[in-house]
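Presented sequentially are two complexes of subunit A, the first with subunit B as partner and the second with subunit C.
Moving on to the complex of A and B:
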């Protein structure tokens, strides 16, 4: 009986989770989302060499982090951390805005998790991403 | 004090019956004060006059050493040495680490010992301290003094970095002189650090090169450091003189007096300010001029400061603002009210030229009041009155009243890079409030333009100087002279008067994203004429159908037509404009309704049009491009 209840619970949770993912429109566009995407797009050119050098990587919660600042010359390290914090601020806002645009602010966490997987899938080979307790190279 | 903890074995090897030529002592453990050495070996070779001491492990307070080797070489004294040295020497080799570290650092040092160890200089060259990510070659000389010493340390081509790479240096050359003397429970010191060359990144600061000096004179008593006199000289930037008293355990700042008499802002801005400005509006500017700063802190509380700016120029690289020849005298005191003054010769804010301005205000701890500020803008003035601002919990709150005296529109249009408009504009802004990054106005902003009146109500502006300023407002236009309006925008002549209502206008980054807009000819009797070109242009705004509906034969015969009424509206949502006119027709709407002879009626058929496309159509019309975009 206990086992049956547990399996029921698991099935219900899986169904609910899928329902959230299925119902959320991740491609929804609002001016706020467009502005965030434009800002991230503009920054990407500066971040790209840092991804390739292994200085930064994609975290499992849909953000980015400094993985190894020593891969970057001293003169660029200041801008590196500035870029990372600016990118993370934009990403956090993006997840919030997509959830809001979907009319479900409480979906922000799920949307963030879905994006985390997407960023890693879309990452170029040679980039680093968080896997388990450490970093893995794609 | 020496205590042999477990046992010591003394082994005396006799090489000849008459003399002891070498002595070999081993100990499992030796403790002296807080130091403990394990598996100690001491070898005295009397034949070659060398002493070798080895320990497998040494613990002293929080520092551990392993594989320690000390070689005392006294062969110089009987001219037996191989290094041609004239002095006895000491060679030290050991692995070192803090208790909490996981990896070991290697230290090696070679010192020449003076004849009198207590009064003459010990010179150590070829010193090396290496660990993972650390390589510090150094030389050291120590001159013993009564209850103290004078040390000189030279770093040569040193590199270091923490694991994250956020505190690191490369190719560092520097010199440290340290004079220390113990008097009772007080350690007096005088130190001079000279950073000659090499780059350093100390998050978030980056120094591309050396040339900087730090001199400090003071004392250490228990946990308290007192600096009587200290100077930090930053090359090309300025000299900071400071003194103070701080507890090194809990960082309580009992006292700090700092004085920076002349700061070169051109150098200081990228080096010291920009790394801390992050995403603020000041983070991408060019700055030059001189500043002076003075600070007094007592018992961790900022008591007074004084900032002076001398002929400073600030120029935002994104052209959002610029202020030239800024002079400021900003004293502040925790206890007393102060008078501050701030002036600039000229500048611009969001492309609006600013004339010479003097601002005076009274500052009382965290609030500021000023009865009035007059900002010359073009040929008018922007008068601010009843100004009050306060900083509460790290946020600014302020309010003021404003009035713009007539500004000539031709100048304003040139400044904003708009088509040249005629006449004068003036405005009255009853009360502006800024709170939590949002600027709001109460009442009506009235602009007098094109011989009519534009009224803006419900205006709020969020993050005005950010990348994404957001504006919302309602706007009414009444009796604007269409003659001067159409001439300004080369739209083709229309005689008449225009009313407009824009409700729920929302703009992001100065682009409309939502509105209910309606433009139409004003009620009342006045001359109502529309030119052939204006008809064609209006038609093109309504789309392909509209252009076709115009009777071309009629257009060819007349240059001007009479109209009764005209109007066009747009409900903008999600980048789509839903258009309508003054009346509906089956399948379309009326934009211009004719009257008398010759009369003309213009119909529109595009009920929805992309906002971008509509803007393109208007642009082409205004640019006088006869090849209209009609999709």
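Moving on to the complex of A and C:
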């Protein structure tokens, strides 16, 4: 009986240890995530002046949107919407990839919400972000 | 009697283990803290920020302050290309 109890205890502790280890970190080192990061990093060089000019802003759902296209010279306006949709496609894929890489596709929405807050927190001052019904300046 | 007790104890332990496993698999909640950590890491890379820093206003000027081994050889070779007369 004593032995049984002991083995039961061992099983419980192993399960708990696994669970704790799983909760400690999210898997983000997959080729798909690395490719998305690289693509977004390369695009950021082009997006950065648009953030500063107030032409685009960070949305509250972890995406970006055109806020004021007139803040951009006419010649660049064409590329603006293309850049924004490419960035949003990468972001959506990133959230999805992180969720699936961790075996929980249903976490995608939670991951997206987490990112939404962190993008805004880390934004440079002067950049715009969605707050309530409108835009706010950092 | 003793044997049946042992048997029921085995069944109980198997049952408990099964329930615990089920709890672990079904009830795993979204790890918010881990997600924030992962988000920070990725955002830092995408925006090329240093850890826990806002986006810099401008890229820090690369310090090439290392004094070049300036060849301060006195210009003994004078510019000889005199303008053509």
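Quick notes on this structure:
By our rule, the second predicted complex is superposed on the first by the 111 of 138 C-alpha atoms of A that agree within 3 Å, B and C clash if a C-alpha of one lies under 4 Å from a C-alpha of the other, contacts with A are read in each partner's own complex, and residues count from 1 in each chain.
Please note the rule applied: a residue touches a chain if its C-beta (ideal position, glycine included) is under 8 Å from a C-beta of that chain, and two chains touch if they have at least 3 such contacts.
Every value quoted in this text rests on a predicted model; they were computed, and no experiment measured them.
Contacts of A:35 after superposition on the shared chain: subunit B is touched, whereas subunit C is not. When the shared chain is aligned, subunit B comes close enough to touch A:82, but subunit C does not.
With both complexes superposed, C is the one of subunit B and subunit C in contact with more subunit A residues. Of the two partner chains, subunit C is the only one that A:98 touches; subunit B does not reach it.
Residue contacts after overlaying the shared chain place A:44 against subunit C, while subunit B stays out of touching range. Of the two partner chains placed by the overlay, only subunit C lies in contact with A:24; subunit B stays clear of it. Within the superposed three-chain model, A:56 lies out of touch with both subunit B and subunit C [touch as defined at top].
Of the two partner chains placed by the overlay, only subunit C lies in contact with A:115; subunit B stays clear of it. In the superposition on chain A, contact of A:68 is made with subunit B only, not with subunit C. Overlap of the subunit B and subunit C interfaces on subunit A: none, as no residue is touched by both. Per the touch definition, subunit C reaches subunit A in the complex via residues 5-6, 9-10, 13, 16-17, 20-21, 24, 28, 30-32, 34-49, 54-57. Residues 1, 4, 7-8, 11-12, 15, 18-19, 22-26, 28, 33, 37, 40-41, 44, 94, 98, 104, 107, 110-111, 114-115, 118-119, 122-125, 127 of subunit A touch subunit C in their complex.
Those residues of subunit B that touch subunit A in the shared complex are 133, 161, 164-166, 168-170, 199-201, 203-206, 208, 275, 278-279, 467-468, 508-509, 511, 513.
If you check the complex, the residues on subunit A that touch subunit B are 31-32, 35, 39, 66, 68-72, 74-75, 77-78, 81-82, 85-86, 89.
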